[in-house]
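The letters A, B, C, D and E name the chains in turn, as written, and every chain counts its residues from 1.
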Amino acid sequence: MSAPTRKRTSTTKRQITVRAAQVAVGVVVLAGWELGAASGVLDPFFFSRPTAIAGQIVTWLTEGDIFRHLWITLEEAMLALLIGAAAGLGVGFLLARAPLLAEILDPYIKMLNALPRVVLAPIFLLWFGLGIWSKVAFGFTLVFFIVFFNTYSGIREVNRVLVDNARMLGAKEGQLLRHVFLPSALSWIFSSLHVSVGFAIVGAVVGEYLGSSEGIGFLISQAEGVFDTTAVFAGMVVLSAVVLLIDVGVHRVERYLLRWRA
Amino acid sequence: MSAPTRKRTSTTKRQITVRAAQVAVGVVVLAGWELGAASGVLDPFFFSRPTAIAGQIVTWLTEGDIFRHLWITLEEAMLALLIGAAAGLGVGFLLARAPLLAEILDPYIKMLNALPRVVLAPIFLLWFGLGIWSKVAFGFTLVFFIVFFNTYSGIREVNRVLVDNARMLGAKEGQLLRHVFLPSALSWIFSSLHVSVGFAIVGAVVGEYLGSSEGIGFLISQAEGVFDTTAVFAGMVVLSAVVLLIDVGVHRVERYLLRWRA
Amino acid sequence: GSGSGGGEVRLGIGGQPLLVFMPTTLADRLGYYREEGLNVRLEDLGSGAKALQALQGGSVDVVSGYYDHTIQMQAKNRPTTAFVGMLRYPSFVFAVSPKASKPINSFADLKGAKVGVTSPGSSTDFFLKNMLVRHGLAATDAAPQAIGGDASAVAAMENGQVDAAVMLDPAYSTLVKRIGGQNVKVLSDTRTLDGVQRDLGVTSYPASALYSGSSWLTDNPETARKLARAIKRALDFIHSHSGAEVAAKMPPEYSAGDAAIYAQAIEAAKSAFSPDGRISPEGAEAVYGVLRQFTPEIANAKIDVSKTFTNDYVPAN
Amino acid sequence: MAEITLDGISISYPATNGGEPYTAIRDVRMNVPAGRFVSVVGPTGCGKSTLLNAVAGLIEPSTGQVLIDGQPLRGRNARAGYLFQQDGLLPWKTVLDNVALGLQLRGVPTEERHERARDWIKRVGLTGFERSYPHQLSGGMRRRTSVAQTWIVDPDILLMDEPFGALDVQTRQIMENELLQLWTGSGKTVLFVTHDLDEAIALSDEVVVLAAGPGSHPVGRYEVTLDRPRDLLNIRTQPAFTEIYASIWADLRSEVMTSYERANPQAHLDD
Amino acid sequence: MAEITLDGISISYPATNGGEPYTAIRDVRMNVPAGRFVSVVGPTGCGKSTLLNAVAGLIEPSTGQVLIDGQPLRGRNARAGYLFQQDGLLPWKTVLDNVALGLQLRGVPTEERHERARDWIKRVGLTGFERSYPHQLSGGMRRRTSVAQTWIVDPDILLMDEPFGALDVQTRQIMENELLQLWTGSGKTVLFVTHDLDEAIALSDEVVVLAAGPGSHPVGRYEVTLDRPRDLLNIRTQPAFTEIYASIWADLRSEVMTSYERANPQAHLDD
């Protein structure tokens, strides 16, 4: 009982509206920021100003050095996202299907989730060294829990009738996973992936921030050390742009996998 | 089509099993840790040892000073959880019900979610001062996004027939929220709250870590400064215990609100 | 740890942009490590404590950090030795916020005040305690407030979120630039010999240095010697050039915030940099004295200060 | 009190899996005067629910419009109550609260709405299950809860999509009686979808037969002239009944055959 | 090929809202020999679905046990196919994939299972909708997809809970014919729940009438001795049919009345 075709013709029109409004929002925010900085309402020492930030980004792009840093950070974030999501999914599924185990481990998982990762930095360095893997581990500890909790809940929310029906048709546990639980929990999983994309980047940057010699987090931390707010913000803008790119990827996959939706 | 009564009698037996297994897991981990530390497999410089940590906690408890710090951190975490969850819920609901607005703001929300909060510490200090509010703000930026994304997805997942039925019975938008969307999205919201409890604590601790004069994060950072790993871990253990307490609260509320479940 | 093969030296810095560690980066920029035949990889660990932990964990070979940590490590039975000093004065500036909650004209006025330190348990924290005690107060009379070492510290001072703070450059210079020197009251400035003599009662007080595990030193004497030589040359460069000239040799990002301030901060710090890379035993004892006073663990341990540093690797000249 | 006019409405659904959009109903013109009880019958999948959704204002027609008392319908039809084909009970509300929902939404005080809900629960034979949640009910019990939920708000227009299909014959007759009682003299306009031709004839003033889809539309409209009040138990044996039954049946049968053959070209039908 | 024995089973549901547990069926003893077609009728909410769930192994009886060929049933009944009362189609699979699911789970290669699924889709009259998703189908079309999904795996035991309730009379007859074709000579044991007594008698070897709940149990078992193969179109006019109909009807009627009066003490029934 979903929407009939009528709306179809207006799709492109709607998209234009959306894009226009997005640009408008961006322009208003940036203009306000620039004006605020120019008029002294926003202290450029803390906030820099959009034109300066844009200038910094252009410089970086022309110098080209930024790509190396960006690539490192991206690599860390993507690895954290992939490994964290895979582990979260796996453990989430396992525990959702083994309620006794879930009940036993429940307090431990919640305790681990509450550990401040920043404090664990020395241990991460100890185990994973100063290379990308300590940053991946950082991101992992964020992504894992987010994906885990949602996968777990998503699988427990699956309609009983669907499960019973599939079982009566002969589905074994693994087949149930593939044909019933996973597709049914997909919207849960993707919801957590959208949050995770951001957190994977945050994990990578914070990891770099705590010890590194390259990556956007390193750039930002150097800039902070010398009070170069412009470079700090430029680094964050670059990151944000990258996040949007990754999220477009996630969104594509989501749309493909959920193509059966109304 | 849910479970019949047969299982009822074994409920308490099951609970005993669970508790016993939990204790067993804890004991094994702690014993392994202690042995590892004693035998030198685990470097006490990085990991301390359970007995020492327990000793430290006992000292803190008898001295009593810990309670002041704990209370501060708790206050920050609870405020971050409450405000962050409320805002995430509100915005999540708003955007789920105003798809055009959601589409327009989508990239901006994702960008904000990817900002490394640690880097923003100076701005938080500037805006919120060194008191609890800068830590609350930290926790807020974590909790908000987690709750927001799940609320948003949860509300969009609501069964169309339920919505249509309620609307045909005369429900206005606000009533739909109360009677249909909110109850239907509850399991989504609680899934995010379980993650958020941990992140609220993390936010508070990291905030304290970056600038403060009290709170568990301050204690931990002080201990780190003098390489007192025992106190660092003791601080984290105290936090974990507190998280479990808060989560028990969340769980109670959840069970009450979802009492209609099978 | 990774990549220690091929003669690579992994050098962890406790906050690369901090001026106190400048010679480490400068030597790299000037190519001195390479000229010594070393392949040095600089890793920024953000804080001295993190850098030390990285050393203990084996992710770096050598640390450019604060000398105090070698004493703390001896107390923990993890012998570490500083083998070239970079800074002979601690270079802390004890400044009063223009918006302090009450008038503060001397250390005595600090009773009950909130005083910013980079982080609790850091050298700035010990410096604060030391100052309080030296001026007849108890170490706990002022509440230490962690404010970090960068923009947060500047913000906290500007807005009066702390009454005073122990600051480092370039944060201090930045603060002065932003609110004007006349608005910043300085209770103590240990960037100069005068300040060090007046406030610490010594002529030298080793601060930043290169240190490493004692066993690494015995195993790699040649590398240590080369590192010390490179640092010595960087120190020479600093003393023989103007602040602006030195700034020009540092990574351009470091001047990006405000080139003038950066050059000026270097200029102001010049006299604090060691002329010869040596660590004075008298200064080392002074550091130990402070630590012993405020850290029960060190007070209780048997410390042999002479094992915490060595001048054997520093070129005679 | 409310006249329904379908002014040449067509409804197409977009095809998600590539291919053409599917036009469920095409150019349906129909007028249901206020107070009339009209049954809609037709082969499965022809577009009955689609039609009801359009009258309820839940689907906007691709072309044409729905008029209520001559006014074009915009958005939800506020004067209609709709008993959906699927289960629309709120899982988190008890039977009592589900039945009372419409009253609650109108701001009726708790006491009063519970009393009225209890009365309705009694009328659909669910006394004793007031505090049960929907998942604790059998299919037929859920259906009856929905019936009570829809009827309690006393709408001017009643849209019902196979309301009694899941009930045993006896219970069904009881519910039919309740429906007639509710409707008689109330001036309500009723659109009633059923697969039971007996039921359609026994209850209605008029039976509309829809063609097989795609592009379904009414192919026959039969006035049921049996006297009211009707005795549901014995009506099926009246000659007028069997006569009208036979003529609708012939129509319907051919539509079903068309529908089936369209979807199953080479099938051999055993009858 | 599979005999079902219910050895004094009772099933109670815990009461979530305080109060007593609800005993849906109590001490049901019943034996269904292999190859027999048994219909189960009874007032709505009496426990028919509960009974089928027990035979399917989805609910473990509180007391007693289910025996299949004399073996106590543990967990899911692997020899049974079950057409649920509720919709069990997977929303993310097309009609084709839903119908082919059982074969896919058994590892039948794609080509072959699609071919067989297409054949079944044709038999239930859904050709042309292979690539539609369940939400794009009407209620009756979904139901027929479920039928095909259950039948394609060719189980020894067929459990069907009101399979044809949502279909128009014609389509229903076509499906009934398909069912008889499938069953005849196959040796399958069938448990068939329906509200349509005509249907129950026309199809079955035996009709079991369940008492009104709570604590329901069989109150009557009627052998249907009509010859096979049966002509579904005309069977209803045979004297043997009407005779058996009348006796079951009387039984059923009194059960429904009991059930209704239990839930509705002061109701006036108009018949």
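Worth a mention:
Methods note: a residue touches a chain if its C-beta (ideal position, glycine included) is under 8 Å from a C-beta of that chain, and two chains touch if they have at least 3 such contacts.
This is a predicted model, so every value here is computed, not measured.
Looking at chain A and chain D, the chains that touch each of them are B, E.
The interface with the greater count of contacting C-beta pairs, when B-C is set against B-D, is B-C.
Between chain C and chain D, the centres computed from C-alpha atoms are 83 Å apart. With each centre defined as the average position of its C-alpha atoms, the distance from chain B to chain C rounds to 38 Å. Distance between chain centres (mean CA atoms), chain A to chain B: 18 Å.
Each chain gets a centre from the mean of its Cα atoms; for chain B and chain D, those two points are 48 Å apart. Shared contact sites, meaning residues of chain B that touch two or more other chains, fall at 1-2, 43, 46, 122, 126, 161, 164, 209, 224, 260, 262. Counting partner chains per residue, chain E has residues 13, 16, 49, 58, 86, 94, 133 touching two or more of them. Among the residues of chain C, those in touch with two or more other chains are 53, 56-57, 150-151, 154-155. Across the complex, chain B meets chain C through its residues 43, 45-46, 121-122, 125-126, 129-130, 208-213, 218, 221-228.
Against chain B, in their complex, chain A makes its touches with residues 1-2, 14, 17-18, 21-22, 25-26, 43, 46-47, 100, 103-105, 107-108, 110-111, 113-119, 122-123, 126, 145-146, 149-150, 152-154, 157, 160-161, 164, 187-188, 190-192, 194-195, 197-199, 201-202, 205-206, 209, 217, 220, 224, 232, 236, 239-240, 243-244, 247, 262. Of all the residues in chain E, the ones that touch chain A in their complex are 56, 58, 76-78, 80-82, 84, 86-94, 101-102, 104-106, 133, 135, 149-150, 153. Across the interface of their complex, chain D is touched by residues 1-2, 161-162, 164-172, 175, 179-180, 183-184, 186, 258, 260, 262 of chain B.
Contact residues of chain C toward chain B in the complex are 49, 52-53, 56-57, 72-73, 76, 78, 114, 119-122, 125, 143-148, 150-152, 154-156, 159, 161-162, 295, 297.
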